[in-house]
Amino acid sequence: MSELVKINNLTRSFHGRKVLDGLSLSVETGKIVGLLAPNGTGKTTLFRLLMGLLTEDSGEIRVDGKPIGKETNNVISYLPDYFVFDDFRRIKNAIEYMKEYFSDFDEKRVKELLEKIHFDENRKFSAMSKGEKEQVQLVLFLSRRAKLYLLDEPLAAVDPAKREFIINTILGSFGEENSVIISTHLVLDIEKILDEVIMLKDGKVCLSGEADVLRDEYGKKLNDIFKDTFRYEEGGKGNE
Amino acid sequence: MPWEFKENRPIFQQIYDKIVLSIINGTYPMGSKLPSVRELAEQAGVNPNTMQRAMANLESEGLAMTNRTSGRIVTTDEKRIAEVKLRYAKNAAREYMQAMELLGLSKDEALSILKEVDTK
Amino acid sequence: MSENSFGEKMMNENTTSENKEAMQNKIGSLGVKLALRNFKKYIIIGVIIPLLMTIPSMIVQGEWFKNDKAGTDPYVKYEVYESVPESWLDVCEEKDGKYVIGTLVDWPLHDSMEAVTDYGFIIIVVCLYIYLIRDVYLTFWGKRAALELAVPCSRTVIFLAKFIPAMICEIWTFFLIALSDCFLEGGFKLKDGAIAMQSVRSYESAGWGYMTGVDFIPWDSVCLHTMAFLVIYLGIVFLISLCSNLNRKMKDPAILSIAGLVTLLIAALSFVTEVAAFENNMLILMFVVPVILLILCIISIRRHNLMKA
């Protein structure tokens, strides 16, 4: 068990307002962690900082002991909460791209998964619904053998019947050598697979711990602990 | 089919309970090899870490042991299994009695209802 | 082979270090792969369509060819000027203090061909600008950032893999514009075994004037367009990058004001260096601002930010 993600006193402002304010956290290898907070409170910002899509104002971020850069990008698979393959015509074009530019992409796995959900790789993206596109995207990013998976709202666009498949796919990519951070405000569906939980409020960690320990301590579902924590918070709508 | 859980209690505990049940009722016979953590986690649709914790508990409770060559096997200690069975039975009974108490029924009334009711 | 607590067999140390080396090699050539991929993306609008746009001028060239007889060309009319013609970029020959310009007459298609070529290329160049700059924007600041910047490659390389193919396409297009301008203006001939361009700006008395080799292409026009492209492309990239860094602490109106000022500064500097370059006949001066912008772009792209937190 080593420290895969280490964040120390991270601050990031936007238009003069601090979105992340002295955030510190750490994630070990071999864990599925839930990053729980309402919308607009810094979850996506944190992921973007980990991916180098944003740079911090101050503080330290280390992934696998290294600073953010092309080496860390190589071991992180980031699933955004919107569809990124607009430029691509068919599923197989996206597969070719992933294969070409990500050395840890497992083509066999992606084909197995696509077969499970009955998606032919010749299907055009333009002929798919939003939920279907998100499913394919998830399958593509989870077919990378990455050390760290950052999943931004993986269940949001998918209907309840398909959520089990998503959860199983996540579990299938997960092992002792990697970690998954799932950022979501839909706690109910995902909580049973979480090892640990980190809740963000006012740009800092307000609650964190092992999922089962919290359940024991509070005698509640994580979803209910979440609701209690953010009860009077409307989610910072003004920050973007 | 993924197993069902009540998320307001620790999940590893619920997994543990389910496996113990399977041992007690013979689904996993004594001395038999348990599936690997990974396989069982996949079956149950849970995080392997949680499954691992449940399995570790099984070992610390003496219901399973890890053999270097053949993996994890269910104990052959009949007495131990009987002890655990009794404990679970008593817990279930205690819950029943608590529910009857809430309804304002006496212990005798509770017992007579018990005799009449079928398992469904 | 050892087992982890999930009951999985783990790979040996040996294979993982082999994989690491293969990975390093792959990262090195990623830049080239990306550049080729971008070039393929740009090829239709940046290479093929401009090429197609030279067809009208080639048709005109065909007409010059057909009527290639010294002094007996029924289609060409010569006008003599006493002073230098208006556009100082025109290549023009002079003898005895007189300037001569020839035009194709009685061939109504010539005007249409010229119009089609001129307007056509304007549209192509504008579309190309929009397409290329949009591509950079989407990759670095838009929807594709999450995918394209996740590639394990330095930002500088990703940017150069966009910029260089873009530059090649633009220079190619500018070259074709210059070439088709020539095609519209005069005929190619073979002189002493070399291809030469029959200049229509020649003396009546001396017959057809010849210029050999590639002198006939107005290279300074190509340079000017290239400089303009570099300033616009790199300038916009730099401005966006600047804004995305300023929006940590500042609000939009302040940022826009700064962006406006920087734009004016770049425009002013470019104009000044362009004029100086022409006056002193030092083409290199024209590229001072683009080079500075390129350096600024690379520096700001290295630690770039998305527009939204």
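Residue numbering begins at 1 within each chain, and the chains themselves are lettered A, B and C in the order written.
Heads up, the rule we're going with is that a residue touches a chain if its C-beta (ideal position, glycine included) is under 8 Å from a C-beta of that chain, and two chains touch if they have at least 3 such contacts.
None of the values given here were measured: they were computed from a predicted structure.
Summarising the inter-chain layout, the chain whose CA centre lies farthest from the centre of chain C is B. Taking the mean of each chain's C-alpha atoms as its centre, the chain lying closest to the overall protein C-alpha centroid is A. A separation of 34 Å divides the Cα centre of chain A from that of chain B.
Taking each chain's centre as the average of its CA atoms, chain B and chain C sit 73 Å apart.
Rounded to whole angstrom, the centroid-to-centroid distance between chain A and chain C, based on C-alpha atoms, equals 41 Å. Shown for chain A are the residues that touch two or more other chains, namely 175. Listed for chain C are residues 5-6, 8, each touching two or more other chains.
Of all residues in chain B, those touching 2 or more other chains are 41, 48, listed in ascending order.
In the complex of the two chains, the chain B residues touching chain A come out as 2, 5, 7-13, 41-42, 45-50, 53. For chain A in complex with chain C, the touching residues are 12-16, 19, 42, 44-45, 48, 51-55, 57, 69-71, 73-74, 76-78, 80, 82-87, 100-103, 175-177, 239-240.
Taken together, the chain A residues at the contact with chain B in this complex read 30-32, 164, 167-168, 171-172, 174-175, 188, 191-195, 211-213, 215-216, 219-224.
Listing the residues of chain C that touch chain A in their complex gives 4-6, 8, 10, 19, 22-23, 26-27, 30, 33-34, 143-147, 149-154, 247-252, 303-306, 308-309.
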